[in-house]
Every structure is written in structure tokens, then in C-alpha cells.
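In order of appearance the chains are A, B and C, and numbering begins at 1 in each one.
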Amino acid sequence: MLRRFCWAATLSLLAVVLWVWDVSWAQDAKALEKSVGDLRVAVDTVWVMVTGFLVFWMHAGFAMLESGMCRAKNAVAILYKNFGVVAVSSIAFWIIGFALMFGDGNPLIGWKGYFLIGPDNSPAMGKAYEGIFSSLNWAGIPLYAKFFFQLVFAATAATIVSGCVAERIRFSTFMIFSFLLVAVIYPIQGHWVWGGGWLSALGFVDFAGSTVVHSVGGWAGLAGILVLGPRLGKYGPDGKMYPIPGHNMAMVTLGGFILWLGWFGFNPGSTLAAAPDDIARIAVTTNLSAASGVVASSLFSRIFFGKPDLSMSVNGALAGLVAITAPCANVTPLGAVIIGLGAGVLVCLSVPFLDRVKVDDPVGAVSVHLVCGIYGTLAVGLFASPTINKEVVGFFYGGGVSLLVKQLTGVVAVGALTFVLSYILWQLARPIVGLRVEPEAELAGLDLTEHGMEAYPEEALAR
Amino acid sequence: MLRRFCWAATLSLLAVVLWVWDVSWAQDAKALEKSVGDLRVAVDTVWVMVTGFLVFWMHAGFAMLESGMCRAKNAVAILYKNFGVVAVSSIAFWIIGFALMFGDGNPLIGWKGYFLIGPDNSPAMGKAYEGIFSSLNWAGIPLYAKFFFQLVFAATAATIVSGCVAERIRFSTFMIFSFLLVAVIYPIQGHWVWGGGWLSALGFVDFAGSTVVHSVGGWAGLAGILVLGPRLGKYGPDGKMYPIPGHNMAMVTLGGFILWLGWFGFNPGSTLAAAPDDIARIAVTTNLSAASGVVASSLFSRIFFGKPDLSMSVNGALAGLVAITAPCANVTPLGAVIIGLGAGVLVCLSVPFLDRVKVDDPVGAVSVHLVCGIYGTLAVGLFASPTINKEVVGFFYGGGVSLLVKQLTGVVAVGALTFVLSYILWQLARPIVGLRVEPEAELAGLDLTEHGMEAYPEEALAR
Amino acid sequence: MLRRFCWAATLSLLAVVLWVWDVSWAQDAKALEKSVGDLRVAVDTVWVMVTGFLVFWMHAGFAMLESGMCRAKNAVAILYKNFGVVAVSSIAFWIIGFALMFGDGNPLIGWKGYFLIGPDNSPAMGKAYEGIFSSLNWAGIPLYAKFFFQLVFAATAATIVSGCVAERIRFSTFMIFSFLLVAVIYPIQGHWVWGGGWLSALGFVDFAGSTVVHSVGGWAGLAGILVLGPRLGKYGPDGKMYPIPGHNMAMVTLGGFILWLGWFGFNPGSTLAAAPDDIARIAVTTNLSAASGVVASSLFSRIFFGKPDLSMSVNGALAGLVAITAPCANVTPLGAVIIGLGAGVLVCLSVPFLDRVKVDDPVGAVSVHLVCGIYGTLAVGLFASPTINKEVVGFFYGGGVSLLVKQLTGVVAVGALTFVLSYILWQLARPIVGLRVEPEAELAGLDLTEHGMEAYPEEALAR
């Protein structure tokens, strides 16, 4: 009896010890798992915030590039537009844009989450999703981080427009247009592609926004150019084109460097996670495409225009960057080089072509952002390599034309929406708030007439 | 007997197996825990270093903004001050400033850790704290990372002064003042607020330094302005004010962009940890306040001054940024927008007011950093939301005036200390090292007389 | 019998339970370990990418600094070279440079991995290494991340040359030279030091590239200067030296700030891992050396040249940064200050000395990058502190001259290789592609003659 009791006691003790160990291990393991999950969110958030800061920095690049490519008498006007558009976009996207783009809704539009109000629990929090931003649920970072990153993208689309309409648009008209672009137009097509809308369901691939950001900016700007008409003095009475050089190539080059740097946020950051293999490969493809754009545009301008042209080369870099934005995550380094070379040539063809058809784009933004945005989006359908993602295969890797057709569909749909809505807005602006400054004001320069100041006042420069 | 032995052997074996397992699991778990802890330190350190780099970058922004707002003949002088002040501050803070600010001491001053010498074991190391920088013990990053981040903040306070006293101060006097500001004045009040001093014990809240950094720079600069007097030609013999425009608005705008970007280090980095929710929310509030500052100052200048004024808008962005610096971690996006709108209006009122009372501040630094620094510090007491921290509740959220009174106490105490000590230093400088350049030198420009060079020499610009 | 069966059943059950627990714990632990390992790679990769972006940004700094120090008529030419060299270097390093530098080979050269093709499994992947980049196997980040970081370093070496040969070199000649420098010369010596070659086996220490990057750029540039000869007008017929001031000190200062910022990528990023203690300490030593360089050069120029000289101080900062690049990971803050002070004085001695011996270096690149690159490399042998690494001890810490001799060996070997090969290339360029622009072109400015444009066209500046 005693022996039996002994055994029973021993076994019970053993069971208790095991149970205690088990519970303690389970707690330890759970705590560790939670720490590791928290760290994952922390690393991803650090990455997304830092790359978001780099994208924010691109606005300084646009400001330098665009004002450098305009005349000194309009420098304040263009600087102010680039500076102010960040502010207006921030407010517009916070109030309504983010909700229309990423809030839950239907395949055409989102309609939840105005003012960023509403629940959001990312999967990283370890619960079933109960929020209203389902389309961003795949990213395990805080909602505010997603908002910040998307905001700086939205502002980029608006900033592109400022270059197209430079040196003749009224300040307040541009600001109102920017507000509406970021509040409504950009989010609608963005919802289609990135917000769980019909284009994403179709299989349209635009990783970081050749179409969603760059060609949208380009389409809106092109509509503005067509409604505004060319700058005074750009075309003579005989239709002859007179080049209007920019006033500061150092600012243009600085802007080019800033944008190139910012693109390392734009593309690798679009992972929304610190995925080591992806972010490193995307940075490499992004850089190689930019480099190839510079090489191609330098050689092209040297061969066909007589001398290597710095402004063409800066635009060549941007062309390569815009073009690689959609395919950056799906192509090999070799693919990136080919895409960049094509973009560099394309921009050198597009700039003089647009000049010839009297589309007066002072900074070449249509050629860079619209033409190369379309080209880059289609390039996914041509160069996407199955070694990276077996589901996304371009024509030259044996994927047939199916992906290419989807890409074309997206290009056309987004382009039609953006161009038509923008065109209507620009036309409405004319009678309501006024569109273009008076001819005398344009001749005197917008700095004096619109802002009552000069960028480089004589008396401040005097020795 | 044999059977009993068998059972005993089995149980013993079991026990040994269990014990071995337990030890091995315990070791595994411990090693994992250490790896996770190390990773936490690594992530936090990466975040703090990168945000520290962004704050360092702000010095380039101050250099561009301030020199753009001054005349070309003083450009070298102001660039040099902004460049040199980083160097002088680095040395001063390393030798003595950091020790006075964060070294162990009493509620009024720290006095340990000169030359950064002394033990420091952060809690992340898993030991009881045995160091001499107890006030920074809450942050689990290496001491050098804490020092680096705090250093770039200290240098910011000094740089603000350079704008106030621009175009008339002697170079060496400014450098000596900067050394003493960063070595002594800045650290003493910083100790009060962030170094475990009496203001932190009181419950004064200044998350990222509206008071500690910005208003301190503003107070020291205001003292300098009062002692120096206005620039020659700013006020006529009849007391009439003559505006002195800056020489390069492109540099001003670039400076504004750099500072806006740098603030994403300044505010979100002040967490001293990669806390995902906090850093993302702080980046959003910071950006919304800056944006609102731009919108408010643009509209205000358009309505009341006739035309939207770019320099007002750049200062409006900075005003919003300075104002959100203290409350950034305690307000909602809506709160940030309200704070930013207020700051944008405030800076538009303050700049002409200071001009009228003959406080000649060439770049508007007093309006931006002092006025909005005070406003932002008080805004904590008005807008701090209990949804973020239940302990810190502003007046408009039902927190009564208790927090507001504490904030006011901090504003007055720090202001009195800084203004009085700075005033004394500036007055002492006059007889000892000389304060202001000669009138002929001021007319000729400080670049030639103080540095023997020009920023834009005629012969180098010649075609 | 039954009882025996009961016991046996109980024990068996216990064994099964234990076994199941064990397996499940083992799986949990393994999964956790893998998560932690993945996170470590993620954190390290984020750090390396972000610091790589900062190094990329340095190219903007070189562009601003160098063009600001040249005349306006050559601004496009120098901006274009700095912009284009990033592109050419990216292509060259991708095709061949990286393979020669880090691919498996012998102690003199690597020869595997052209076009970045080839296996790479870093130790972080938890397997025995089977790749072809063994020399980078110690770093647990993806191959593309290693490539990106090394690429921006390679481009830096090439960019340094552009300053030396500015205002007289032909555009295409410079681009071809840059291609060959990055494709062949830079990688060979880089293989010796960082690619597992004979200098690393010897114990030569160059943590972030005072020799590998900076002095290599300096040697290549010095060879170019000697082959090209001085700019027209620099020396009169009587041999008298005429200073040729740069056209924009604001750009020079901005460039200085950009480079200082970029160095926080250059040095702390060279850890190739987010090692908290190391990256924080390296950032501090880097900053203190730069600051000391500014202080020393400012005081030196004030005392010996009469007035504090901004261009000397910007170069003083860079001198301190170049000098600390090799020793940054092995010295204390005090050591960094001493090294920086020495560099600041050295650059003030070197610039006028080179002027006197008719080495016409428009931007002071030889003094900054070559002289201080050598000095910094030797400084490891003088100031390396055993408190950081017991294996690397400098002369002043009782390490004898053994390390100093190794450092000297590396300086001489790398210098001889680079100078001789560069000299041959420059001499070959003359008959093959042409070396220097025509004298009339040099007088008119390279912008018009080489690129058919102006940086600041009169008509764009007109009011």
C-alpha cells in the first residue's frame, strides 16, 4: 500500500513538475514569440518611415529641378508651388484621399476612413482583421506608417503637374487643382490598382507606381498644358519654336541627384516591409535603370544633337527611374539595364517631338513621367522574370501577351480617367478662378506679379 | 527486487532525461532571449542614428535658409557661421555640455561624464544600472548613440542664433558665444527638463524641444539682437522701416525643405527607440502641423498682405514644425492641424510686429523659434489628448489648467535663465573680443572684411 | 499483471507526452530561432541600405562642392561629370569591377561573378558557404546589398578625380577613364585590401577606405593633373601663381554639408551590420574628427593667412573625414579629435604647397583625399587603441611600429599601382581620344564648347 502510494506520489510529482515546466516554457515561448513579432513590426516600420522620408525629400528635388529649368523671373512662383503642394496634399490626403484610396468600399472606390479615423489592426497584431483598410492589411505596420508612406506618394503625383504648367499658371488655381487631384482623382485610380479595386483584381502590376503616381501626374499635367497653351514667346508667329533655357543648371543637377536618392525610398520602400532580398534587389535594379538612362541619353544627345546635353541626361536618369518604378521588383539587373537604356532614348525622342507638336512642357515632365511611366508599366509585361515571381512573367520570358494586355488595360483606364477629369477641372477653373496670368504678368514674370517678390533681388545681390 | 530496481531505474532515467532537456531548453531559451534583446538594441540604435543623421542635416537647412535670406555680400559670413557652429558645438558638447546636461548631479545641474568618460550600462544590457548618466538610463541604446543624438540637438540651438545676429556680428565673437551656449547655458536648462532636473520632476512636458532647443536658440538670439541693434539701413533716421530682401529664394526654399525633412528625425527620433506606433504617429502629427503652417501663412499673407508670400510660407512651415515639437507625441492629427494653423498665423503676426518694435531679425528666427517655441510648449497644456497618454491631458480635453501652469513655469524659467545669461555674455563680448563689425565693414559686406572673399566673385561668374 | 500494465501504460503515456512536447518545443524553438535570424538579416540589411543611400548622396555633395569651386563657365561641365560618373561607375562595377574586387580568385585579383551572376549564400542563411564571393562571406546580408554598398564606394573614388582635372579635361575622355578606373584599377587594389588579397593577409587596416577609396581617387587625379598641366591663367609667364576663385560658395558649403552627412553612411555603414556599439562609436569619432578639422583649419587660416577662410574650413572638415575613414573603428573620441586637428592643419599646408609646385588642383582634392588619405591610413598605426580591438594597436598605445609598417606598405603599394596605371591611361588618352580641350575652348568655357549650353544663361536670368 505504501509502495503503491509512493509510486503514485512520485508520478504525480513528476506530472506537476512537468506541468509547471510546460506552463513556464509555454509562457517563455509566447513572450519570446511576441517580442520577435514586435521586433518584426519595429524593423518594418523603421524601414517604411525612413524610405517615406526619402520620398518626401523628392519634393525638394522637384523644386530644384523645375525652378532651375525655368527662368529666374518665375523662380519664386515655381518654388512656391512645389513647396505648397506638399502642404495642400497632406491636408487633402488626410481629410479624404486616403479614405477613397484605401478605405473599404467597392472595386471602383473606397469610402471609409476619412480623417484617418477608424479602427485598424494589422495582422502583425495577431488578431483577425477588423479594420476598414482591408486593402493594406497585408502590411504589418501601424496605420499611421502606411498613411505617411502613401501620403508622400500622393504629393509626388501633384508635384509633377507643377512642372508642366510652370511659368503661366495662376498660383491659387494650381493649389486648388492640386487639392482636388490628391483628394479625388489620384485616390480613385489608386484604389483601382493598390486599394483592392478592379485593376488589381485583373492582375495589373504596378509595383511602385509608374502608372499610379508618375503617369497620373503626367496625364494631369498634359491636360493642363493643352488647356493653358504654350508660354508666350515659345513659338513665333510663323510657328517656329524658340527654346527657353532654364536659369540654373546647378539647381537642375542637384534636383536630379535628390530625385535619384529619393527613388531609393520610392521603389525599395514600396515593399512596406524590411524584406532583405527584395529591398536590396530593388535598389540595384532601380540604380541600374537610372544609370542606363543617363548613359543612353548622353550617347543619344551626343550622336544626334551634336553634344552631350546635361539636361537630357538628368531627364534620362529620371526617365530610367520612372520606367523601372513599375517593374523594379520583377526584373533582373539585366532587365533593368535594358529598360533604362530604352527610357533614356525615349526621353530624347519625346522632348523634341512634344516641342514640335506645340505641347509646351517647360521641364520635360510629360516626357519623363507620362511617356516613360507608360513605357515602364508595359515593360513589366515584357521583362518580368519568372526567376523572381513565377506568377508574373513577361513576354520575353515566355509569358505570352496576357500580362502585356493587362498592363495596357491599366495604362488606358487610368490614363482616360485622369486625363478626362483633369481636363474638365482645368476647363472649369478658367471661368471660376481664372487659369492663366495676364500676358503682361507673364512677360514681367510671375514672381513680381503673383507674389510681389523676386527670387534674386538686384539690391540683395549688389556688391 | 529486480522489478523495483527496474522502476527506480526507469524513473531515474526519466528524471535525467527531463533534467537534460530542461537545461538544454533553458539554455536555448536564454540564448534566444539574448538574441532578441540584442536585436531590440540594434533596431533602436539604427533608428536613433538615422534620425540623428537627419537632425544633423538640418544644419545644412539653416545654412541655406539663413544665407538665402541675407544679402549676397554677407553670404560667406553666414554660411561659415552655420558650418562652423556644428564643429564648435561638437567639441563643446563632448568636453562639457553632455556632462552638465545628462551626467548625474542635482536638480539644477549635472556634473559627471566630461569628455564622455565614465561607465554606462543601459538597462538593455540586463543589469542594474551602475553608470553616471542615470537620466538617460530609460533608453536602451549605447551611450555613444545617446550622445550623438543629443549633440545634433545642442548644435541646433546654437545655429538658430546665427540667423538672429546675421549681417553684423563678428565671426569669432559668434563662435565663442556658440561654444559657451552649447557648453554651459543649453545644458543647464536641458538638465532641468531632460536631464532629471527640477522641471522634469514638476511634470513639465517638452517631448522634442520646443522650449529646450528652439526657444532657447530664440532667447539667446533675441538677447543678441537687443545688444547688437539693427542692421545699418534697416531703419531710416525718421524711424521708418526699410525691408532688406534676401538674395536667393531658391536657397531659402531648399533650406525649408531640408528643415522639414530633418524634423522627421528631430521629433520621431526623440523616442530614442523604434517604437512603431509612436514614431509613425509622431511623423504624421509633425507633417500635418508643418502643412497647416504653410496653408495658414499662405492664406494669411494673401488676405492681409495682398499676395501669398513664399518667405512667409517657408517660415510658416517652420513655425508649424517648431510648435509641434513639444506636443508631437501627445496630440491627435486634428490637434496637430490646429496647432499648425495657429503657428502659421502667429508667425505672420510676429514678423511685422518685431519689425515695428525695431527688433531686427534678418531671417525671422525669433518669430519662428522663440514665439512658436513658447506657443508650442503651451499647446501641450491645451491640446494633449488622453487617448495617447492618460497622464498628460490638456485643457481642451478636460485636463484643467494644471498642465498649462506647469508648461508656463517651464517657459518662464528656461527663458529667464537663457535670456539673462546670454544677455550678459553678449554684453561682456563687446569690451573683451568686440561684438559688431565696423560700420564700413557692414556696408562693404562681412564676406570681404571678415573673410577676405566673396560668395560669388565677379571674375568667376564672368562669361 | 493489470497493475504492471497500468504502470507501463502510464509510463508510456508519459513518454509519448514528453516526446510530443519535446518535438513541439523543438519546432517552436527552431521556428523562433529562424525568425530571429531573419530579423537579424533584416536589421543589418536596413542599416546597410540606408547607409548606402547616404554614400550615394555624397555624389551630390561632390557635384555641389566641385562646381562651386570652379568658374561659372565650366559649371555644366563639372556638374555633368559628377552626375555621369555615378552612371558609368554603376555599369562598370556591375559588369566587371565587383567580380575583380570581391570574386574568388588569388591574392592579386578576383575573377568570378561578372554581371553579379553566381551563387551566394551568406552564413546568415545557416548553410556552409558555397558561393563565389568568399571575401564578403563574413557579412550576413544579401549579395545585392553588399553590391549596392560597394558600388557607391567605387563611384566615390571616380568622382574625386573629376575635381582634380576640372576646367580643362574633355568630357568623353573623363568618362572613359572613369569606366576603366571603376572597372579595373579600383577593384584590383580593393581586392588586395578588402577582397581577401595580399594586403589584408598582411594585416593592413583600412576600415572604411582612407586608402582604398580616397587616396586611390587622389592618386588617379594627381596623375591626371600632372599629365594635363595647369589651367590657362593659373600661372603667369613669370611663374607667378594667380588664384582662380570658385563661383559659388553657397554651393561649396552645401556640398560640404552633404559630404559630412554622407560620411555617416560611409564610415558607420562599413560595419555591414547594425552592430549598435560599433555604429554609434564610429559616428561619434567620425563627427569629432570632422569638427576638429574645421576648428584647426579655421584657426590656422586665421593665424597664418590673416582671416578665417570658408573654403579652407570646408576642406578642413573633409580632411578630418578622410583622415578618420581608415581609423574610425579603432580609435577613441580623443584619438579622433587629434587626428582631425592634424588633418585640418595638413590641408592648410598642402593646398598652398601644391599651388607652389604647380600642381593645379582646382578644388583641393589632392590635399583632401590623397594627402589626408595617406595621413589617416598611417594614423591607424599611431592611434589605434587596444581598448577597442586588442589585435590592432597603434604606436602611441604601445603597439610598436609593426602596424605602422604594414600601413605604410599598403599606402605605397596601392599608391604605386593606382598612380602608374592611371598615368599610363591618361597618357594613352591623349593620342587616342584626346585629353584636353583646345585653349580657345578653355577660355570660352567648357560649358559652351563641350555641351553647347550655359549653367546660368543670360536670357533666363534677365529681369
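Convention: a residue touches a chain if its C-beta (ideal position, glycine included) is under 8 Å from a C-beta of that chain, and two chains touch if they have at least 3 such contacts.
The structure presented is a predicted model; accordingly, all values stated were derived computationally and were not measured.
Asker: Can you give the rotation angle that fits subunit A onto its twin subunit C by Cα atoms, in degrees and rounded to the nearest 5?
Answerer: For the C-alpha superposition of subunit A onto subunit C, the angle is 120 degrees.
Asker: Which is it for copies subunit B and subunit C: same residues on both faces, with over half shared, or different residues?
Answerer: Different, since under half the interface numbering is common to both chains.
Asker: Need the CA-centroid distance for the pair subunit B / subunit C, whole Å please.
Answerer: Once rounded, the distance between the two centres reads 30 Å.
Asker: For subunit B, write out the residues touching at least two other chains, lowest number first.
Answerer: Where subunit B meets two or more other chains at a single residue, that happens at 7, 14, 18, 25, 29, 32, 36, 39, 43, 46, 50, 248, 454, 456.
Asker: Quick one: which bits of subunit C touch subunit B in the complex? Just the residue numbers, please.
Answerer: For subunit C paired with subunit B, touching residues are 7, 11, 14-15, 18, 22, 25, 29, 32-33, 36, 39-40, 43, 46-47, 50, 54, 70-73, 244-250, 253-254, 256-258, 260-261, 264-265, 268, 274-277, 279-281, 283-284, 287-288, 290-295, 298, 302, 306-311, 313-314, 317, 333-334, 337, 445, 454, 456, 458.
Asker: Show which residues of subunit C lie in contact with subunit A when the two form their complex.
Answerer: Going through subunit C, the ones touching subunit A are 7, 10, 14, 17-18, 21, 25, 28-29, 32, 35-36, 39, 41-46, 49-50, 52-53, 56-57, 59-60, 63-64, 67-68, 75-76, 79-80, 82-84, 86-88, 90-91, 94, 115-116, 141-145, 147-148, 151, 171-172, 248, 251, 450-457, 459-463.
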